[in-house]
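Two complexes are shown next, each including subunit A; its partner changes from subunit B in the first to subunit C in the second.
Take a look at the complex of A and B:
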């Protein structure tokens, strides 16, 4: 099976997540990581509540997987990042999940991972952060 | 229509001394908290005015932990209130930091629930997390990860023993020394590594000894709920308001905070909440004055739609001397003399509480009170 056809699903056992405007924060308590998902990443994260492949997701963003190979690869690469961070797991082949009622508008998915949550928690969120970016970004 | 923070409650019947109802405001949130509450909860024009006033008098740099909790509620409205706020990113960062800390703490605190549930000890969840289950709000982020739980008096000793065996302990004092004061305090705070933090209560109301019969009725009114897939109980809506009012309208050191008002406002604006029994239950729990004060604050300062009949019923029942003294002890002192008076009164009330608790029968054995266990 092509990698783009591998299906993934959220594995939320160790995850806590919350939307903050357009940003999705995901804490992996088992690994002690804090991740910020922006752009199209929160939408992809939501879609993975059902088992989906990169090809499925590309279709849901309105792309033809046969013509938009670059986009499918980009989504597949992002799904690998989610796997690496323990957010999703591969699932056995099965029936395709139904599409959501509304198509999604595409924007490039981005993820920023902070690997030491305990270090972040020591930062004073008002006084020891970059004033432009806010916690958890340290001042330059 | 809202009143400025300093304006006293003015509606009194001819039989009610103005000073008495007016004195309820002593436990209301301070002016800074009130402005933040209005910014978060009032209609848009008043919300914007209050937010501008808060900004003109305060800075994010000097905000306290109590302010942080309210700023988090305000931040959810920021794009309506003040889309050009210069410190938006820092405020959003603060909210994310508080939320993250709360998740870590709550996850660690849930371990205590697991211990009690495994031992088949019924657990009643109190305060903030119970409000989230009673009147869920998608726009409300709970930023406090500690858990307030209530166990039956007969289970307290077993519960504390189980928790102590799993390294739950008192942070600043030995657990044994704290047990000496357990008769006069509604509960005890326990912490554990990785941020676990619980308050385990045996009495729902400060400085009031409740009979086993009253407590049994509170348990009977409780309803099942799930917290992180754990089956627990939450108080009835009326019990929850009474318990939270008695905890919320109390000074912490010399300050009364306002975070309780957000939960109360949501309860009164949620369509499914039933509060007809509130006056009777408040009377039964000895929380009439605290509930009355909370509702007057909501009605007058925030404009929350509180039923006038409810207020009238609470006023009729709020003549007990004990309730007034408990309310007075929880208000900030104006000066040193005032502080001494409160201290004396509190000591008297604690002595009475100890006596009542001994009259009610065994609670902790001498062995426990002398620090040998749990």
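Take a look at the complex of A and C:
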């Protein structure tokens, strides 16, 4: 399968996110990173609530994937960044997810990652801890 | 037996020992912070005597049903109290180690010298035990029980945030930013020019959506490096040393004037000070995400625990209040003028 056809979906187990106007802040509690998503990135993040490929997403932004190869590559590269930051995971092939009700206006997706807390922040104790050892030990 | 149950047994044993101490004469002092009520049972005077100056403003007379019991024990003068704490069987770690367990039970301890903090939300009891002030870190002396207070408010609409708060009596401002951004400097020069404050480092913010965002004072303190102040009168204020190796000193907000420490006031904006090295201090609009990023990571760095709840509260504050960058100039006295201008523009707007 072509990389552009690989489908991804949000993996929210360790994520918490907050929207401020046109900016989305995503916190990865397991890695201790804060990320700022701007431009088209928040819309792509929202679309990944359902499993989608770069080709699917390009289409939802109104591009013809066969004619807009550069745009599809750009989206695929951004999806790889989301994978690298632990926001999404690959999913097995399956039926296509339904399109959202409204088309999206394209703007270049951007992500800025802050690693300030990555050496300190761990999983939250109340929600995911080992019952015997306690925080910050992950459950077996 | 699970770690959580061992800790609960230990806490109950300490609670019984405190109740039996000196025929039940352990002194109960009531503290009130925002919506929180804490009954402090002090065994040994050393710890409580040190903490009281920065917490004394919160003393109140009545114990309510919502009260949490906090035992503050100086085990240097009362070594018999250690036996009960040791029931928990905490591992032998020389450095401060912190754990959280299901049910919201939290504990922090170090073994050399022995010091324990345990909080159980189910029984609403807590323990702070140490071998006297000399065995506490400087920041622990300046912000007593901060971890416990954070754990206590985690399930409530209130949040203990890494921020300062000032008011001119009409307009309340939350000053946020990482250490060294200028929160304390802005607070200091503002209160010199008539502002009141609810604290310069950790304040209790109530983000309940049913009411206005408001702030409550937790610590009657302000920390600065006095040697960096230009005015000799400022350097000559009564500054307490927290740590021999730290040039930062602490002074009481209530020591400036009788109205300088304000226990609670509404907030109207988040201000993000930053050192600009410009001649003048200026302000301009910031984004909600700027306010969020100024508060959430640095608060999380302090407490490590309770992240999702903390993030939610900070986001509510950042969404509901307008935010402003405050680019600090080199003239400290000008900071207050800029803050006055900002308050005026918020009132006019």
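To be clear about the criterion, the second predicted complex is superposed on the first by the 117 of 140 C-alpha atoms of A that agree within 3 Å, B and C clash if a C-alpha of one lies under 4 Å from a C-alpha of the other, contacts with A are read in each partner's own complex, and residues count from 1 in each chain.
Quick note on the criterion: a residue touches a chain if its C-beta (ideal position, glycine included) is under 8 Å from a C-beta of that chain, and two chains touch if they have at least 3 such contacts.
Every value quoted in this text rests on a predicted model; they were computed, and no experiment measured them.
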- Regarding the shared-chain residue A:16, is it in contact with subunit B (first), subunit C (second), both, or neither? both
- What is the contact status of A:77 with respect to subunit B (first) and subunit C (second): first, second, both, or neither? neither
- Message: A:114 in the overlay: touching subunit B, subunit C, both, or neither? Say first, second, both or neither.
- Response: second
- Query: Thinking of the overlay built on chain A, is A:49 touched by subunit B (first), by subunit C (second), by both, or by neither?
  - Reply: neither
- Query: With the two structures laid over each other on chain A, which partner does A:27 touch: subunit B (first), subunit C (second), both, or neither?
  - Reply: both
- Once the shared chain is lined up, is A:69 touching subunit B (first), subunit C (second), both, or neither of them? neither
- Query: What is the shared patch of subunit A, the residues that subunit B and subunit C both contact?
  - Reply: 16, 18, 20-21, 25, 27, 29, 34, 117, 120-121, 125-127, 129, 131-136
- Task: Report the residues of subunit C in contact with subunit A in the complex, numbered from low to high.
- Result: 2-4, 98-102, 104, 106-107, 154, 287-289, 292-293, 296-297, 300-301, 304-308, 311-312, 315, 318-319
- Message: Considering only the defined contacts, which subunit A positions touch subunit C in the complex?
- Response: 16, 18, 20-21, 23, 25, 27, 29, 34, 36, 114, 116-117, 120-122, 124-127, 129, 131-136
- Footprint of subunit A on subunit B - complex, ascending: 60-61, 63, 87, 89-101, 103-104, 107, 141
- Task: Write out the stretch or stretches of subunit A touching subunit B in their complex.
- Result: 16, 18, 20-21, 25, 27, 29, 34, 117, 120-121, 123, 125-127, 129, 131-137
